[in-house]
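Labels run A, B, C and D following the written order; every chain starts at residue 1.
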Amino acid sequence: MDLGTDSFVRIQEEPLSVEAAVDFLGRGDPGGVDLFLGITRRMTGHKETVHLEYDAYLEMAVTELNHIVANAAKSWPLERVYVAHRIGTVPVGQISVIVGASAKHRNEAFAASRYLIDTLKSEVPIWKKETYADGSTEWKPELAVHEPTRRSVGK
Amino acid sequence: MDLGTDSFVRIQEEPLSVEAAVDFLGRGDPGGVDLFLGITRRMTGHKETVHLEYDAYLEMAVTELNHIVANAAKSWPLERVYVAHRIGTVPVGQISVIVGASAKHRNEAFAASRYLIDTLKSEVPIWKKETYADGSTEWKPELAVHEPTRRSVGK
Amino acid sequence: MTECRVLLFSLLAEAVGKRELVAAVELPCSAGALVDSLAKDSSPIRAYRHVIRVAVNREYVPETHVIRSGDEVAIITPTSGG
Amino acid sequence: MTECRVLLFSLLAEAVGKRELVAAVELPCSAGALVDSLAKDSSPIRAYRHVIRVAVNREYVPETHVIRSGDEVAIITPTSGG
(Lines give C-alpha, C1' and ligand atoms only; values in the text may rest on other atoms or scores of the structure.)
Protein backbone atom coordinates (compact mmCIF):
# COMPACT_ATOMS: atom_id res chain seq x y z
CA MET A 1 0.00 0.00 0.00
CA ASP A 2 1.24 3.48 -0.88
CA LEU A 3 1.14 5.69 2.20
CA GLY A 4 2.16 8.82 0.31
CA THR A 5 -0.14 11.42 -1.17
CA ASP A 6 0.22 12.10 -4.87
CA SER A 7 -0.10 15.74 -5.79
CA PHE A 8 -0.39 17.97 -8.82
CA VAL A 9 0.53 21.67 -8.75
CA ARG A 10 0.49 23.97 -11.76
CA ILE A 11 0.25 27.64 -12.66
CA GLN A 12 -0.59 28.24 -16.31
CA GLU A 13 -1.91 30.81 -18.78
CA GLU A 14 -4.07 28.27 -20.61
CA PRO A 15 -7.68 27.54 -19.57
CA LEU A 16 -8.02 25.04 -16.72
CA SER A 17 -9.63 21.64 -17.16
CA VAL A 18 -12.03 20.25 -14.56
CA GLU A 19 -11.84 16.91 -16.35
CA ALA A 20 -8.08 16.75 -15.84
CA ALA A 21 -8.56 17.52 -12.13
CA VAL A 22 -11.25 14.86 -11.68
CA ASP A 23 -9.20 12.38 -13.65
CA PHE A 24 -6.17 12.99 -11.43
CA LEU A 25 -8.09 12.94 -8.15
CA GLY A 26 -10.10 9.86 -9.08
CA ARG A 27 -7.01 7.67 -9.41
CA GLY A 28 -5.66 6.03 -6.26
CA ASP A 29 -8.63 4.57 -4.42
CA PRO A 30 -10.72 7.42 -3.04
CA GLY A 31 -14.22 7.21 -1.61
CA GLY A 32 -14.76 10.95 -1.92
CA VAL A 33 -13.44 13.87 -3.93
CA ASP A 34 -14.04 17.50 -3.10
CA LEU A 35 -13.30 20.09 -5.74
CA PHE A 36 -13.47 23.86 -5.52
CA LEU A 37 -13.57 26.07 -8.61
CA GLY A 38 -13.02 29.82 -8.56
CA ILE A 39 -14.87 31.53 -11.40
CA THR A 40 -14.62 35.09 -12.69
CA ARG A 41 -17.83 36.74 -11.52
CA ARG A 42 -19.51 39.38 -13.65
CA MET A 43 -21.34 41.40 -10.99
CA THR A 44 -19.97 42.66 -7.67
CA GLY A 45 -22.74 44.85 -6.28
CA HIS A 46 -23.42 47.22 -9.16
CA LYS A 47 -19.96 46.93 -10.68
CA GLU A 48 -19.64 44.87 -13.83
CA THR A 49 -16.39 43.01 -14.42
CA VAL A 50 -15.23 42.35 -17.99
CA HIS A 51 -12.24 40.21 -17.13
CA LEU A 52 -9.61 39.60 -14.47
CA GLU A 53 -5.89 39.75 -14.95
CA TYR A 54 -3.71 37.69 -12.66
CA ASP A 55 -0.14 38.66 -11.89
CA ALA A 56 2.14 36.24 -10.05
CA TYR A 57 5.59 35.89 -8.57
CA LEU A 58 5.70 32.64 -10.46
CA GLU A 59 8.66 30.83 -8.90
CA MET A 60 7.63 31.67 -5.35
CA ALA A 61 3.95 30.92 -6.06
CA VAL A 62 4.86 27.39 -7.12
CA THR A 63 7.05 26.99 -4.03
CA GLU A 64 4.24 28.21 -1.76
CA LEU A 65 1.67 25.96 -3.43
CA ASN A 66 3.95 22.99 -2.85
CA HIS A 67 4.26 23.96 0.84
CA ILE A 68 0.47 24.18 1.14
CA VAL A 69 -0.05 20.84 -0.56
CA ALA A 70 2.56 19.24 1.72
CA ASN A 71 0.85 20.72 4.79
CA ALA A 72 -2.52 19.37 3.64
CA ALA A 73 -1.02 15.90 3.13
CA LYS A 74 0.47 16.06 6.64
CA SER A 75 -2.78 17.26 8.21
CA TRP A 76 -5.23 14.74 6.75
CA PRO A 77 -5.06 11.21 5.35
CA LEU A 78 -5.48 12.07 1.67
CA GLU A 79 -5.21 10.04 -1.49
CA ARG A 80 -4.43 12.90 -3.87
CA VAL A 81 -4.25 16.69 -3.94
CA TYR A 82 -4.70 18.93 -6.98
CA VAL A 83 -4.04 22.66 -7.39
CA ALA A 84 -4.08 24.55 -10.68
CA HIS A 85 -4.16 28.33 -11.01
CA ARG A 86 -4.60 30.27 -14.21
CA ILE A 87 -2.73 33.57 -14.67
CA GLY A 88 -2.93 36.28 -17.29
CA THR A 89 -6.40 37.26 -18.51
CA VAL A 90 -9.41 35.25 -17.30
CA PRO A 91 -12.70 36.34 -18.91
CA VAL A 92 -16.01 36.40 -17.01
CA GLY A 93 -17.47 32.93 -16.50
CA GLN A 94 -14.15 31.13 -16.83
CA ILE A 95 -12.29 29.20 -14.15
CA SER A 96 -9.33 30.92 -12.45
CA VAL A 97 -8.47 28.21 -9.94
CA ILE A 98 -9.18 24.55 -9.25
CA VAL A 99 -8.25 22.97 -5.93
CA GLY A 100 -9.28 19.55 -4.78
CA ALA A 101 -8.53 16.59 -2.61
CA SER A 102 -9.50 12.95 -2.64
CA ALA A 103 -9.66 10.75 0.44
CA LYS A 104 -11.17 7.53 1.72
CA HIS A 105 -13.83 9.56 3.52
CA ARG A 106 -15.52 12.86 2.77
CA ASN A 107 -14.53 14.75 5.95
CA GLU A 108 -10.90 14.82 4.93
CA ALA A 109 -11.65 15.72 1.32
CA PHE A 110 -13.78 18.71 2.35
CA ALA A 111 -11.37 19.91 5.06
CA ALA A 112 -8.33 19.69 2.78
CA SER A 113 -10.06 21.41 -0.11
CA ARG A 114 -11.16 24.27 2.14
CA TYR A 115 -7.66 24.59 3.58
CA LEU A 116 -6.12 24.64 0.10
CA ILE A 117 -8.24 27.50 -1.23
CA ASP A 118 -8.13 29.58 1.99
CA THR A 119 -4.36 29.30 2.28
CA LEU A 120 -3.82 29.81 -1.44
CA LYS A 121 -5.71 33.10 -1.22
CA SER A 122 -3.84 34.41 1.82
CA GLU A 123 -0.31 33.12 1.18
CA VAL A 124 0.44 32.51 -2.47
CA PRO A 125 1.89 35.54 -4.33
CA ILE A 126 -0.79 35.83 -6.99
CA TRP A 127 -2.86 38.98 -7.45
CA LYS A 128 -5.95 39.80 -9.44
CA LYS A 129 -6.82 43.04 -11.16
CA GLU A 130 -10.44 43.72 -12.06
CA THR A 131 -11.21 45.41 -15.35
CA TYR A 132 -14.70 46.89 -15.16
CA ALA A 133 -17.17 47.61 -17.95
CA ASP A 134 -16.56 51.38 -17.53
CA GLY A 135 -12.88 50.82 -18.41
CA SER A 136 -11.53 51.35 -14.89
CA THR A 137 -9.23 48.82 -13.25
CA GLU A 138 -8.59 47.87 -9.63
CA TRP A 139 -6.06 45.59 -7.95
CA LYS A 140 -7.45 43.28 -5.29
CA PRO A 141 -7.65 43.31 -2.37
CA GLU A 142 -8.43 47.00 -1.98
CA LEU A 143 -5.73 48.27 0.36
CA ALA A 144 -5.93 51.16 2.78
CA VAL A 145 -3.20 53.66 1.98
CA HIS A 146 -1.10 54.74 4.95
CA GLU A 147 -2.20 58.39 4.72
CA PRO A 148 -0.12 60.19 7.40
CA THR A 149 3.14 59.04 5.84
CA ARG A 150 1.98 59.95 2.37
CA ARG A 151 1.06 63.47 3.44
CA SER A 152 4.13 64.20 5.52
CA VAL A 153 6.88 62.96 3.19
CA GLY A 154 7.10 64.13 -0.40
CA LYS A 155 8.40 61.77 -3.08
CA MET B 1 -31.65 40.04 -11.18
CA ASP B 2 -32.95 36.54 -10.43
CA LEU B 3 -33.17 36.05 -6.66
CA GLY B 4 -34.13 32.38 -6.95
CA THR B 5 -31.78 29.43 -6.90
CA ASP B 6 -31.83 27.15 -9.94
CA SER B 7 -31.50 23.50 -9.10
CA PHE B 8 -30.99 20.15 -10.77
CA VAL B 9 -31.99 16.84 -9.16
CA ARG B 10 -31.73 13.45 -10.82
CA ILE B 11 -31.47 9.76 -9.97
CA GLN B 12 -30.32 7.63 -12.88
CA GLU B 13 -28.83 4.25 -13.81
CA GLU B 14 -26.48 5.77 -16.39
CA PRO B 15 -22.97 6.95 -15.46
CA LEU B 16 -22.83 10.47 -14.00
CA SER B 17 -21.12 13.35 -15.77
CA VAL B 18 -18.92 15.81 -13.86
CA GLU B 19 -18.88 18.00 -16.95
CA ALA B 20 -22.67 18.28 -16.90
CA ALA B 21 -22.54 19.26 -13.21
CA VAL B 22 -19.86 21.90 -13.74
CA ASP B 23 -21.67 23.21 -16.78
CA PHE B 24 -24.89 23.58 -14.82
CA LEU B 25 -23.27 25.12 -11.73
CA GLY B 26 -21.12 27.53 -13.74
CA ARG B 27 -24.11 29.26 -15.29
CA GLY B 28 -25.71 32.12 -13.35
CA ASP B 29 -22.88 34.31 -12.08
CA PRO B 30 -21.00 32.42 -9.40
CA GLY B 31 -17.63 33.30 -7.90
CA GLY B 32 -17.14 29.82 -6.47
CA VAL B 33 -18.33 26.28 -7.08
CA ASP B 34 -17.89 23.40 -4.68
CA LEU B 35 -18.43 19.91 -5.94
CA PHE B 36 -18.37 16.62 -4.06
CA LEU B 37 -18.04 13.27 -5.82
CA GLY B 38 -18.67 9.93 -4.16
CA ILE B 39 -16.61 7.17 -5.76
CA THR B 40 -16.82 3.40 -5.35
CA ARG B 41 -13.75 2.52 -3.29
CA ARG B 42 -11.94 -0.75 -3.87
CA MET B 43 -10.39 -1.33 -0.45
CA THR B 44 -12.07 -1.01 2.96
CA GLY B 45 -9.49 -2.28 5.41
CA HIS B 46 -8.59 -5.68 3.96
CA LYS B 47 -11.90 -6.16 2.18
CA GLU B 48 -11.90 -5.74 -1.60
CA THR B 49 -15.05 -4.40 -3.21
CA VAL B 50 -15.86 -5.42 -6.78
CA HIS B 51 -18.89 -3.20 -7.23
CA LEU B 52 -21.70 -1.52 -5.38
CA GLU B 53 -25.38 -1.94 -6.05
CA TYR B 54 -27.72 0.87 -5.13
CA ASP B 55 -31.35 0.25 -4.32
CA ALA B 56 -33.74 3.19 -3.96
CA TYR B 57 -37.30 4.08 -3.10
CA LEU B 58 -37.18 6.14 -6.24
CA GLU B 59 -40.24 8.37 -5.92
CA MET B 60 -39.52 9.24 -2.29
CA ALA B 61 -35.81 9.67 -2.94
CA VAL B 62 -36.54 12.34 -5.54
CA THR B 63 -38.99 14.03 -3.16
CA GLU B 64 -36.41 14.01 -0.34
CA LEU B 65 -33.67 15.34 -2.62
CA ASN B 66 -35.94 18.20 -3.62
CA HIS B 67 -36.59 18.99 0.08
CA ILE B 68 -32.86 19.01 0.76
CA VAL B 69 -32.12 21.24 -2.19
CA ALA B 70 -34.88 23.65 -1.10
CA ASN B 71 -33.48 23.73 2.44
CA ALA B 72 -30.01 24.50 1.12
CA ALA B 73 -31.38 27.33 -1.01
CA LYS B 74 -33.18 28.75 2.04
CA SER B 75 -30.11 28.43 4.28
CA TRP B 76 -27.48 30.09 2.07
CA PRO B 77 -27.45 32.61 -0.77
CA LEU B 78 -26.73 30.21 -3.62
CA GLU B 79 -26.68 30.62 -7.36
CA ARG B 80 -27.30 26.99 -8.27
CA VAL B 81 -27.55 23.55 -6.66
CA TYR B 82 -26.88 20.19 -8.33
CA VAL B 83 -27.57 16.66 -7.10
CA ALA B 84 -27.27 13.51 -9.19
CA HIS B 85 -27.23 9.97 -7.79
CA ARG B 86 -26.56 6.82 -9.73
CA ILE B 87 -28.43 3.64 -8.85
CA GLY B 88 -28.06 0.04 -9.95
CA THR B 89 -24.52 -1.30 -10.30
CA VAL B 90 -21.59 1.09 -9.85
CA PRO B 91 -18.18 -0.52 -10.50
CA VAL B 92 -15.07 0.34 -8.50
CA GLY B 93 -13.58 3.71 -9.45
CA GLN B 94 -16.84 5.09 -10.84
CA ILE B 95 -18.89 7.98 -9.48
CA SER B 96 -22.01 7.13 -7.48
CA VAL B 97 -23.04 10.65 -6.51
CA ILE B 98 -22.33 14.26 -7.47
CA VAL B 99 -23.52 17.12 -5.30
CA GLY B 100 -22.51 20.73 -5.68
CA ALA B 101 -23.41 24.34 -5.14
CA SER B 102 -22.36 27.60 -6.70
CA ALA B 103 -22.43 30.94 -4.92
CA LYS B 104 -20.98 34.43 -5.08
CA HIS B 105 -18.52 33.47 -2.32
CA ARG B 106 -16.84 30.23 -1.37
CA ASN B 107 -18.14 29.93 2.20
CA GLU B 108 -21.66 29.33 1.00
CA ALA B 109 -20.62 26.93 -1.75
CA PHE B 110 -18.66 24.76 0.70
CA ALA B 111 -21.32 24.84 3.41
CA ALA B 112 -24.14 23.95 1.04
CA SER B 113 -22.20 21.16 -0.63
CA ARG B 114 -21.37 19.63 2.73
CA TYR B 115 -24.97 19.91 3.85
CA LEU B 116 -26.20 18.27 0.64
CA ILE B 117 -24.03 15.17 0.92
CA ASP B 118 -24.47 14.76 4.70
CA THR B 119 -28.24 15.04 4.49
CA LEU B 120 -28.46 12.91 1.38
CA LYS B 121 -26.66 10.11 3.19
CA SER B 122 -28.80 10.26 6.32
CA GLU B 123 -32.24 11.05 4.87
CA VAL B 124 -32.65 9.94 1.27
CA PRO B 125 -34.00 6.38 0.85
CA ILE B 126 -31.09 4.99 -1.16
CA TRP B 127 -29.05 2.02 0.02
CA LYS B 128 -25.80 0.47 -1.12
CA LYS B 129 -24.85 -3.18 -1.13
CA GLU B 130 -21.18 -4.12 -1.32
CA THR B 131 -20.16 -7.08 -3.43
CA TYR B 132 -16.73 -8.24 -2.31
CA ALA B 133 -14.03 -10.08 -4.24
CA ASP B 134 -14.75 -13.26 -2.25
CA GLY B 135 -18.33 -13.24 -3.58
CA SER B 136 -19.99 -12.19 -0.34
CA THR B 137 -22.38 -9.24 -0.19
CA GLU B 138 -23.31 -6.79 2.54
CA TRP B 139 -25.94 -4.06 2.81
CA LYS B 140 -24.73 -0.78 4.25
CA PRO B 141 -24.81 0.52 6.88
CA GLU B 142 -24.13 -2.58 8.94
CA LEU B 143 -27.01 -2.71 11.37
CA ALA B 144 -27.08 -4.17 14.84
CA VAL B 145 -29.77 -6.82 15.02
CA HIS B 146 -32.10 -6.48 17.98
CA GLU B 147 -31.05 -9.80 19.50
CA PRO B 148 -33.33 -10.20 22.54
CA THR B 149 -36.46 -9.95 20.39
CA ARG B 150 -35.06 -12.30 17.79
CA ARG B 151 -34.24 -14.91 20.41
CA SER B 152 -37.48 -14.68 22.36
CA VAL B 153 -40.00 -14.68 19.52
CA GLY B 154 -40.00 -17.38 16.86
CA LYS B 155 -40.99 -16.54 13.31
CA MET C 1 -59.43 -6.31 8.54
CA THR C 2 -58.26 -3.81 5.93
CA GLU C 3 -55.31 -4.75 3.80
CA CYS C 4 -52.42 -2.34 3.92
CA ARG C 5 -49.61 -2.80 1.41
CA VAL C 6 -46.17 -1.86 2.70
CA LEU C 7 -43.12 -1.26 0.50
CA LEU C 8 -39.77 -2.83 1.40
CA PHE C 9 -36.28 -2.00 0.15
CA SER C 10 -32.64 -3.02 0.42
CA LEU C 11 -31.84 -5.51 3.17
CA LEU C 12 -35.50 -5.93 4.23
CA ALA C 13 -36.61 -6.66 0.65
CA GLU C 14 -33.74 -9.12 0.29
CA ALA C 15 -34.36 -10.85 3.64
CA VAL C 16 -38.14 -11.05 3.19
CA GLY C 17 -37.73 -12.05 -0.46
CA LYS C 18 -40.15 -9.46 -1.84
CA ARG C 19 -40.49 -5.71 -2.20
CA GLU C 20 -43.98 -5.53 -0.78
CA LEU C 21 -45.83 -7.02 2.21
CA VAL C 22 -49.43 -6.89 3.27
CA ALA C 23 -50.00 -5.90 6.90
CA ALA C 24 -53.06 -7.36 8.56
CA VAL C 25 -54.20 -4.25 10.42
CA GLU C 26 -57.43 -2.33 10.88
CA LEU C 27 -57.09 1.08 9.19
CA PRO C 28 -56.84 3.82 10.34
CA CYS C 29 -53.92 2.76 12.54
CA SER C 30 -50.73 4.37 13.77
CA ALA C 31 -47.46 3.92 11.87
CA GLY C 32 -45.93 2.38 14.99
CA ALA C 33 -48.71 -0.18 15.38
CA LEU C 34 -48.40 -1.10 11.70
CA VAL C 35 -44.67 -1.86 12.00
CA ASP C 36 -45.27 -3.79 15.21
CA SER C 37 -47.84 -5.88 13.40
CA LEU C 38 -45.40 -6.61 10.55
CA ALA C 39 -42.66 -7.43 13.05
CA LYS C 40 -44.85 -10.10 14.65
CA ASP C 41 -44.88 -12.11 11.41
CA SER C 42 -41.47 -11.32 9.97
CA SER C 43 -38.18 -12.02 11.71
CA PRO C 44 -36.12 -9.58 9.55
CA ILE C 45 -38.51 -6.75 10.35
CA ARG C 46 -38.42 -7.79 14.00
CA ALA C 47 -34.60 -7.81 13.92
CA TYR C 48 -34.43 -4.23 12.62
CA ARG C 49 -37.60 -2.88 14.26
CA HIS C 50 -35.57 -0.50 16.45
CA VAL C 51 -34.07 1.36 13.46
CA ILE C 52 -37.03 1.34 11.07
CA ARG C 53 -38.61 4.64 10.03
CA VAL C 54 -42.00 4.80 8.34
CA ALA C 55 -42.79 6.85 5.25
CA VAL C 56 -46.35 7.66 4.28
CA ASN C 57 -46.99 9.13 0.86
CA ARG C 58 -43.22 9.50 0.38
CA GLU C 59 -42.58 11.53 3.53
CA TYR C 60 -41.13 10.35 6.84
CA VAL C 61 -43.76 10.30 9.57
CA PRO C 62 -43.59 9.88 13.35
CA GLU C 63 -44.76 6.55 14.77
CA THR C 64 -47.90 8.28 16.04
CA HIS C 65 -48.92 9.27 12.51
CA VAL C 66 -52.28 7.79 11.52
CA ILE C 67 -52.28 5.73 8.33
CA ARG C 68 -55.49 5.74 6.32
CA SER C 69 -56.77 3.61 3.50
CA GLY C 70 -55.16 4.57 0.20
CA ASP C 71 -51.90 5.85 1.78
CA GLU C 72 -48.62 4.70 0.21
CA VAL C 73 -46.68 3.15 3.09
CA ALA C 74 -43.01 2.15 3.20
CA ILE C 75 -40.63 1.04 5.90
CA ILE C 76 -37.15 2.49 5.73
CA THR C 77 -34.00 1.14 7.36
CA PRO C 78 -31.01 3.48 7.85
CA THR C 79 -29.94 4.79 4.46
CA SER C 80 -26.53 4.56 2.83
CA GLY C 81 -26.67 6.59 -0.35
CA GLY C 82 -23.77 8.71 -1.50
CA MET D 1 26.91 50.80 -0.98
CA THR D 2 25.90 47.35 -2.27
CA GLU D 3 23.17 47.20 -4.85
CA CYS D 4 20.22 45.04 -3.90
CA ARG D 5 17.64 44.26 -6.59
CA VAL D 6 14.08 43.95 -5.32
CA LEU D 7 11.21 42.38 -7.28
CA LEU D 8 7.82 44.13 -7.45
CA PHE D 9 4.44 42.75 -8.51
CA SER D 10 0.81 43.73 -9.04
CA LEU D 11 -0.16 47.18 -7.77
CA LEU D 12 3.41 48.10 -6.72
CA ALA D 13 4.83 47.17 -10.12
CA GLU D 14 2.06 49.14 -11.79
CA ALA D 15 2.44 52.20 -9.55
CA VAL D 16 6.25 52.24 -9.71
CA GLY D 17 6.17 51.50 -13.43
CA LYS D 18 8.64 48.62 -13.29
CA ARG D 19 8.92 45.11 -11.90
CA GLU D 20 12.28 45.63 -10.24
CA LEU D 21 13.91 48.35 -8.10
CA VAL D 22 17.41 48.76 -6.78
CA ALA D 23 17.64 49.51 -3.08
CA ALA D 24 20.59 51.60 -1.98
CA VAL D 25 21.50 49.70 1.18
CA GLU D 26 24.62 48.25 2.72
CA LEU D 27 24.34 44.43 2.72
CA PRO D 28 23.91 42.49 4.95
CA CYS D 29 20.85 44.39 6.17
CA SER D 30 17.53 43.43 7.71
CA ALA D 31 14.44 42.93 5.53
CA GLY D 32 12.69 45.70 7.48
CA ALA D 33 15.50 48.20 6.92
CA LEU D 34 15.51 47.35 3.22
CA VAL D 35 11.80 48.10 2.81
CA ASP D 36 12.17 51.31 4.86
CA SER D 37 14.93 52.39 2.53
CA LEU D 38 12.78 51.69 -0.55
CA ALA D 39 9.84 53.55 1.05
CA LYS D 40 11.95 56.69 1.48
CA ASP D 41 12.31 57.02 -2.29
CA SER D 42 8.99 55.59 -3.53
CA SER D 43 5.61 56.95 -2.58
CA PRO D 44 3.67 53.75 -3.56
CA ILE D 45 5.92 51.64 -1.38
CA ARG D 46 5.53 54.19 1.40
CA ALA D 47 1.73 54.11 0.99
CA TYR D 48 1.60 50.32 1.42
CA ARG D 49 4.58 49.91 3.74
CA HIS D 50 2.30 48.73 6.58
CA VAL D 51 1.02 45.69 4.64
CA ILE D 52 4.19 44.70 2.76
CA ARG D 53 5.76 41.29 3.47
CA VAL D 54 9.28 40.46 2.33
CA ALA D 55 10.27 37.25 0.58
CA VAL D 56 13.89 36.16 0.38
CA ASN D 57 14.79 33.32 -1.96
CA ARG D 58 11.07 32.70 -2.54
CA GLU D 59 10.10 32.29 1.11
CA TYR D 60 8.41 34.81 3.40
CA VAL D 61 10.80 36.14 6.04
CA PRO D 62 10.31 38.22 9.18
CA GLU D 63 11.46 41.86 9.06
CA THR D 64 14.43 40.93 11.24
CA HIS D 65 15.71 38.46 8.62
CA VAL D 66 19.17 39.39 7.38
CA ILE D 67 19.50 39.80 3.62
CA ARG D 68 22.87 38.96 2.10
CA SER D 69 24.45 39.62 -1.24
CA GLY D 70 23.09 37.23 -3.87
CA ASP D 71 19.68 36.75 -2.20
CA GLU D 72 16.57 37.02 -4.37
CA VAL D 73 14.43 39.67 -2.67
CA ALA D 74 10.78 40.52 -3.36
CA ILE D 75 8.20 42.70 -1.65
CA ILE D 76 4.72 41.28 -1.47
CA THR D 77 1.47 43.14 -0.88
CA PRO D 78 -1.59 41.21 0.33
CA THR D 79 -2.41 38.52 -2.18
CA SER D 80 -5.66 37.91 -4.03
CA GLY D 81 -5.30 34.68 -5.95
CA GLY D 82 -8.14 32.23 -6.29
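Operating definition for what follows: a contact is a pair of C-beta atoms (placed from the backbone, for glycine too) under 8 Å apart; a residue touches a chain by one contact, two chains touch by 3 or more.
Predicted, not measured: the structure shown is a model, and the values here were computed from it.
When each chain is reduced to the average of its Cα atoms, D sits farthest from chain B.
Each chain gets one centre point, the mean of its Cα atoms, and the points for chain C and chain D are 72 Å apart. For the pair chain A and chain D, the distance between C-alpha centroids works out to 24 Å.
The distance from the centre of chain B to the centre of chain D, with each centre set as the mean of the Cα atoms, comes to 50 Å. One simple way to say how far apart two chains are is to compare their mean CA positions; for chain A and chain B this gives 26 Å. Residue positions 38, 106, 117 of chain B are each in touch with at least two other chains. Of all residues in chain C, those that touch two or more other chains are 82. This structure has the following touching chain pairs: A-B, A-D, B-C.
Across the complex, chain C is touched by residues 38, 54-57, 59-61, 63, 85, 96-97, 117, 120-129, 139-141, 143, 145-146, 149-150, 153, 155 of chain B. If you check the complex, the residues on chain C that touch chain B are 7, 9-11, 13-14, 39-43, 46-51, 55, 58-60, 74, 76-82.
Across the complex, chain B meets chain A through its residues 18-19, 22, 26, 29-39, 41-43, 93, 95, 102, 104, 106, 109-110, 113-114, 117.
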